[in-house]
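Consider the two complexes below, in which chain A is the common component and chain B and chain C are the respective partners.
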Partner chain A sequence: MTHPGTERDEAQVRESKRSRQAARIAEAASAGVKTLLVKIFLLGIVDAISVYALFVLLLRADWVVFGAVLLVTLIVNWIYFSKQKLPAKYLTPGLIFLLIFQIFVVGYSGYIAFTNYGTGHNSTKQDAINALIVSSQQRVPDSATYKLTVVEQLGNYSFLVTEPDGTVSLGGTDAPLRPVTDATLDATGKAVALPGYASLKFNDIVGNQEKIAALSVPLSDDPNDGTLRTPDGSKAYLYLSDLVYDEAAGTMTDTKANTVYADNGKTGSFVAADGTELLPGWKVEVGLANFAKAFGSESIRGPLISVTLWTFAFAFLSVLTTFGLGLFLAIVFNDLRMRGRNVYRVVLILPYAFPAFLSALVWAGMLNPQFGFVNQVLFGGADIPWLTNEWLAKFSIIFVNLWLGFPYMFLVCTGALQSIPDEIQEAATVDGARPFQVFRLIKLPLLLVSVAPLLISSFAFNFNNFNLIYMLTNGGPRDVTAGVNVGSTDILISMVYKVAFVGANRDYGLASAFSIIIFLLVALVSVISFKQTKALEELN
Partner chain B sequence: MRIAAPETSDLYIPTKRPFNFGRWFSRTGWRHLVGAIMVVFSAFPLLYVLSASLHPGGTLITANGLFSQVDLGSYQTLFNLPQQPYAAWYGNTLLIGGITSLCTVFLGALAAYSFSRMRFVGRRPGLLMLVLVQMFPQLLAVVAIFLLLNGISDIFPAIGLDSQVGLIMVYLGGALGVNTYLMYGFFNTVPASIDEAAKIDGAGHARIFFTIILRLVAPILAVVGLLSFVGTTNEFVIASIVLITPEKQTLAVGLYQFVSQEFSSNYSVFAAGAVLAALPVMALFLWLQKYIVGGLTAGSVK
Partner chain C sequence: MMVNKKGLLAAGAVAVAASLALAGCSGASSSKSGSSDAASSTLTVWVDADRAAVLKDAAAAFTKESGVTVKLVQKDFGKIQEQFIAQVPTGKGPDVTIAAHDWLGNFVGNGVVQPVELGDTAKDFQKVAVTAMSVEGKTYGVPYSIENIALLRNTALAPTAPATYDDMIAAGTAAGTEFPYLVQVGPESDPYHLYPFQTSFGAPVFGTNADGSYNAGDLSIGNAGGEAYAAWLAKEGAAGHLSVNVTGDIAKEKFNAGASPFLITGPWNVPDAQKAGINVAVDPIPSAGGETAQPFVGVQGFVVSAKSKNAIAANEFLVNYIGSEKVQTELYKVGGRAPALTSAFEAASADPITAGFGAVAAKAVPMPSIPQMGKVWQFWGVTEAAIISGQGDPTALWQKMTADIQTAIK
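Take a look at the complex of A and B:
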């Protein structure tokens, strides 16, 4: 303790402890009761929603999500009731959304890319078994008649049935029949009402005929026992499926055709010995199958490569043309002797102010081959296929994007030109430089330094410029030889959208595999460009 | 390209020189020529939509006769379409865009304040992450977003598929990524001595943030709010997969479907819809123009 250095250190520690304490007291003193009440109120809302969510998840026994919600709620409360952790208090609200809807979904895309998720494979195996059995159901000939009252609770319909032996049971689509004791019986011994449920009148039944006819109430937990269905709302019959599921063997047997469909563990569906597949199937992890499909089969690899090349070409040409025109206009209008520059400026930024999706739709109308303004008026009734010929469509896209994008580059270049000091130009002129030399050797390099990061972000934006492509040409003209729905002006992101959401056959797995490819390409481009511009070094 | 004017002595001759067209043209005249061409190029498509919208019952082919007829009939038709609830789309777009941009500004400002004024572990990596996240727009993960919302709607239908609240939440996932860095730069230009003076006067961090800083950075808040509003209005991919019921859809989704169903036959009605849809965005844009130009050069793209 006698060492002077230690003593000084301790004094400092005590000092900082006291100053921290003082800061805390000042903080507490400044925060009024009102602030505290607002804080408690807001946290109360968050907690109320969480408790509701936890309750619902508890009922569904969804433990992973339950744990996640519980953890997030506890962390949020811990952060906001703690006296420190000031940065966390400011960052948490945005971070929660960022983590779920930006970071988590990227990881989730990565997972989906390794599954067969898509049309016919979008649920669990149990759901697929139930769906298969229900879809091949037929009424059992000469089976018993169940007296039925359709009852409703919270908008869900249930069957209140009186079995031929007099037992009264209740069941719904997701809940197999179970006996009930407190039902009201009418003179014929038919159960007509149950406490807590509203019995449907004749009018209600007629009004909701389709819904009621679609109801199918399982007799027991075993789907092979069959289900009750009603044609009229007052009598129910036993329906049995031609398909029988053997849980021990894991096979589905068609009792009529006597075919056995087995789960081969790979495709996520029941497959017969001759290769016939029963659909719907279910979602399984398929490893690298989607990537193998993307790169392995000729009908997809070809389009994928040409789409990737066009994506790069489109993004590069868009930046080049818009920057070229924008820079030229900035130079033209950057002359103090010229009158009316502000008027020109306002008109020139109109395309930028007009919503981009509408611009693409309007241009699609003007470039329409049969009726559009360009062909009918400018080319005197010519029949030029602006949007349906492969190369003209590509040209049209670059041209329309020039219209959309040049005002931005014009604004940016004007700003950058005006920030270059006049003295540099004067010095060069005195040294005998011609105007073009001043521009090429002095102004352009200075300008490029300040606009380079913007050119990179413009490239990244156009790389995923979905709206323009989809609204102007819809990716067309379609490539009929391709194994997926893709056209010659499709870029990667519009191809992902079409594979996943357009048409009857949706393939989320393959689309996610394409997304992963885009991620890698964008990452590559960013790494290279950031290395070039050293933009990251400016962070402090 | 005459940028420099070396023969300065000519410019200051006291007597007025006779007008020489050749000299005028080589100095500024050609600039007006370029300007005139560009004005036609920029404004023509907009005039074309406007004229098409004023031609009731018009098709693509009648739209070619510019301003041959002026009548507001298409605007009336627009609000009485049985299949396409245009008024609902319009309201939805304003509502979703408004709430998203307000929340984006708020969440972004909170984060930018902490990055700018506080020193904590993970600050540098956090800033780096913001820059990187900008490179990966949300629409890349559109499949995963769809399946995530599909899963959520099994448990909480109110924020799942076909819910506007769900869509807004998805958009807020991009709130920190896109604009916080822009705000961070602007927050840094506000001197820290202002915070310190307020602290000495007994103001807490919340009071400093809400009553002092937020007012000083109002221009950047306007820019970020507007860019976010415009971005949300233009957003098609995620809105088209999340919103299914026609009454819940936005203008981008609704008008695209309207056009793809009956493109050439009902063009004047579409044009009227486009003109009305563009009005609020263009008005905001021109009103806040000078802030936007400053904000753009600080590093953001449409």
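Take a look at the complex of A and C:
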């Protein structure tokens, strides 16, 4: 009885199932097409830019970067066109950024530590040779100005010059000046054209200025008479060069003093037998010389121990004082009985909102012994040398850093305190614990679990707190009789700055070596501290 | 699927940024290299914001005349020195940059500049400006301005210019103000502002060669005049005329408030003083030691990169456009610093303030640009500060400083 009906039902069910399936497939297919289109479009943009970059790099024959771009493009395409590799799809963008902006930069700084890169050694040997030759061109004193027309014949340039006495001569790089008679003169008596030669207009000169600026026309067969060169294409002057580069021997010779400067292969410069150095030199790898200098030179070794001690003291005390005050205020303002807590909190966070170096400058003004607010108003005109006495300066630094740093600790502690459940405190109170016991035995350990990593990072930050030191005391006061440019409030990083960057001189190699040393110190302290924090976590 | 798309977008952004960064790293000068027809020559010039507007007109005129496009790139003046030294060796630097003359020692030591031949136009510039732009007898730039300190006088408090240092103290005391005169010192002293007093004792930092350039081998700061100057510093410090507590801000603020008839400062503080309602006159700095008080002169100008492929165009632009009276006068109008070109300076001297500073500049000395100077500052200032604050025997401290400098520059 039910059979036909069942059959129909079954058919219906089958049909609807099929249609649903079809719809699903169609939907999936269309979604897939859409995604695929978006994918192809976006990757198309990426590839287009990459191909453009590759062309540019190809033209410049910059093979290392070319290879890097090619490799990255291929990897990106491979990852995003594949059906699996879901994790890679998430991680690739971040990894590429990490490689370019972190690993490369760190690696490059590390490499610099093993070179002599800095003032006087900032380029290649070829650049140094060119610069030495160019700047050794000395205009012959009281020599005349030659009126010049640059002429061209078969692609070779020559100088058609008119001497002050009216003599017209022609000369080229390999042909010393010789008088010519058939030149065309203009109204001023300047030779402007010569039969068989094409005269260059300023536009033509500018178009071929590299060649023309490099032209030097010997005055006579004797090279000691000097050569004519032109700085502007319309006048020529007589120059003599004191330096001659001997390509075969790789030496520079000073023809005036008859000194030979040779590349000694170590310092990246030409050095004479008596040790005189020609600058600029060029960048070379110097191995561990920078590290040896960091520990070996008197101006660094002398103050190194006291500076290191003070750096640790400063970083440690900074963390301790800011954390102490921040925690205290956080607890006070976390008490529900306190009225208007939010207003106070906002006011307390204000120092955190000012740029630190600006605040440091303002504080330096306020701590001025004679005119500053602190002495004038708070101490009734007393003459307290806040920044010029060794120990007071140290105190001032820590005090100003406390003012700058406590809002951060206050914020962090407030957050951490609010995440501790009230029940624990209630339970402890019921068990008869006094408030201080509740704080010391329950709240503080719980707080430290979440705050300790921040304290460690705060230590690392203060260890390198260059802004504050530089703006507030500039490392001073200094003992002028010590003869080193390091003051009593200098921390390692500000000492490095002073030692590696004296005046306009920059010793990037030495600075990089120092930053590696400082990194090792900070890393060591952090590793030890994190081990301690782990122990803290196990307490719970 | 959505998540995947976002990932894609991020990947796209990364790859774009990455390939741009990498391509950028390797230099964008592809458009410049290989092209040798005149139409596409481009002269890249680094200039600070104030000067850019003036140069725009000069650049347009130059382009019209020569067909060379001038690309002005605005830079923060304070960062130019370092960036120029870093970028020129890579071939990415400009052809021409604005520069202060005391950077030249560093530029030459790094081989990033090439000499500029002023030719016969050299005599059209003030002598001190050309000397300042020269290193070892070779001129490396076209100067456009001269800047130096002088004595600023509040004419309401002191009607006449003092002839000597003692006159100035007497006039200042008679005025009955808080300070007889003001000069900025600061916790690490300020040798630049105190230098005219030092030279008035005949103790320049370095001796000079015949052509006016400094001789690094002749450290004359520690001579008998230097010791006399040190003793003078101690005496004036004890008398309260010089104080390490007077920083630049305080000196300016007190002078503008009428707390002193005199302030030793540069043209940069004049507009604010006038705004504060003070009638200022500019006088020569009175001599404390008997000889002429010579402050340092700072000269600004334009230099050409050692790796410029447009040396001739650059030279033409500098000598005939930057060095023209019109451009020099325009540059004076925006900066207020005395023009380096004599004819432009004479025109600008209609303004008594410019004329006053210019009169001092005529007798002043260029700030040494030799690399050794960088090592002098670190000992110079703190020693002066120690002497002024009475920390020890002035002569001994001064000799210790001289010995330290001698060691450092060896």
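Just so we're on the same page, the second predicted complex is superposed on the first by the 311 of 540 C-alpha atoms of A that agree within 3 Å, B and C clash if a C-alpha of one lies under 4 Å from a C-alpha of the other, contacts with A are read in each partner's own complex, and residues count from 1 in each chain.
The definition used in the following text is that contacts are C-beta pairs under 8 Å (C-beta built on N, C-alpha and C of every residue); 3 or more make two chains touch, one makes a residue touch a chain.
Only a predicted model underlies this, so the values are computations on that prediction, with no experimental measurement involved.
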- Message: I'd like to know which partner A:Val65 touches here: chain B for first, chain C for second, both or neither.
- Response: both
- Message: Per the contact definition in the header, classify A:Thr35: touching chain B only (first), chain C only (second), both, or neither.
- Response: both
- Query: So, does A:Thr481 touch the first partner chain B, the second partner chain C, both, or neither?
  - Reply: second
- Message: Quick check for you: in the superposed arrangement, does A:Gly365 touch first (chain B), second (chain C), both or neither?
- Response: both
- Partner chain in contact with A:Tyr90 - chain B first, chain C second, else both or neither: both
- Query: Is A:Thr124 contacted by the first partner chain B, the second partner chain C, both or neither?
  - Reply: second
- Looking at chain A, does chain C or chain B touch more of its residues? B
- Task: Please indicate which partner A:Leu57 is in contact with in the superposed arrangement: first for chain B, second for chain C, both, or neither.
- Result: both
- First, second, both or neither for A:Asn208, with chain B first and chain C second: second
- Message: Output check: A:Ser135 vs chain B and chain C. Expected answer is one of first, second, both, neither. What do you get?
- Response: second
- Set of chain A residues, in rising order, touched by both chain B and chain C: 31, 35, 53, 56-57, 60, 62, 65, 90, 93, 97, 100, 365, 368, 370-371, 474
- Message: Under the definition above, what is the set of chain B residues touching chain A in their complex?
- Response: 1-4, 6, 27-28, 31-32, 34-35, 38-39, 41-43, 45-46, 48-49, 52, 59-61, 63-64, 107-108, 110-111, 113-114, 118, 120, 123-124, 126-128, 131-148, 155-156, 169-170, 172-177, 180, 199, 202-207, 209, 230, 233-234, 236-237, 240-241, 252, 255-256, 259-260, 263-264, 267, 270-271, 274, 277-278, 281-282, 285-286, 289, 293, 296-297, 299-302
- Message: Taking the touch rule as given, give the residues of chain A at its contact with chain C in the complex, in rising order.
- Response: 31, 35, 38-39, 42-43, 45-46, 49-50, 52-53, 56-57, 59-60, 62, 65, 68-69, 72-73, 76, 79-80, 89-90, 92-93, 96-97, 100, 119-120, 122-124, 127-128, 130-132, 134-135, 137-139, 145, 202-210, 212-213, 230-233, 235, 237, 279-280, 365, 368-371, 387-388, 473-474, 476-478, 480-481, 483, 485, 498, 502-506
- Task: Mind listing the chain C positions that touch chain A in their complex?
- Result: 1, 4-5, 7-23, 25-27, 30, 33, 36-38, 41, 65-68, 81-82, 85-86, 88-89, 103, 105-106, 108-112, 114-117, 119-120, 137-138, 187-188, 243-247, 249-250, 306-307, 309-313, 315-316, 319-320, 371, 373-379, 382-383, 386, 389, 391-392, 397, 400-401, 403-404, 407-408
- Can you check the complex and tell me which residues of chain A touch chain B? 26-27, 29-31, 35, 53, 56-57, 60, 62, 65, 86-87, 90-91, 93-95, 97-98, 100-102, 104-106, 108-109, 112, 117, 329, 331-335, 337-340, 344, 346-359, 361-366, 368, 370-373, 376-377, 403, 407-408, 411-412, 415-416, 425, 429, 435-436, 438-439, 450, 453-454, 457-458, 460-461, 464, 466-467, 470-471, 474, 493, 496-497, 500-501, 508, 511-512, 515, 518-519, 522-523, 526, 535-536, 539
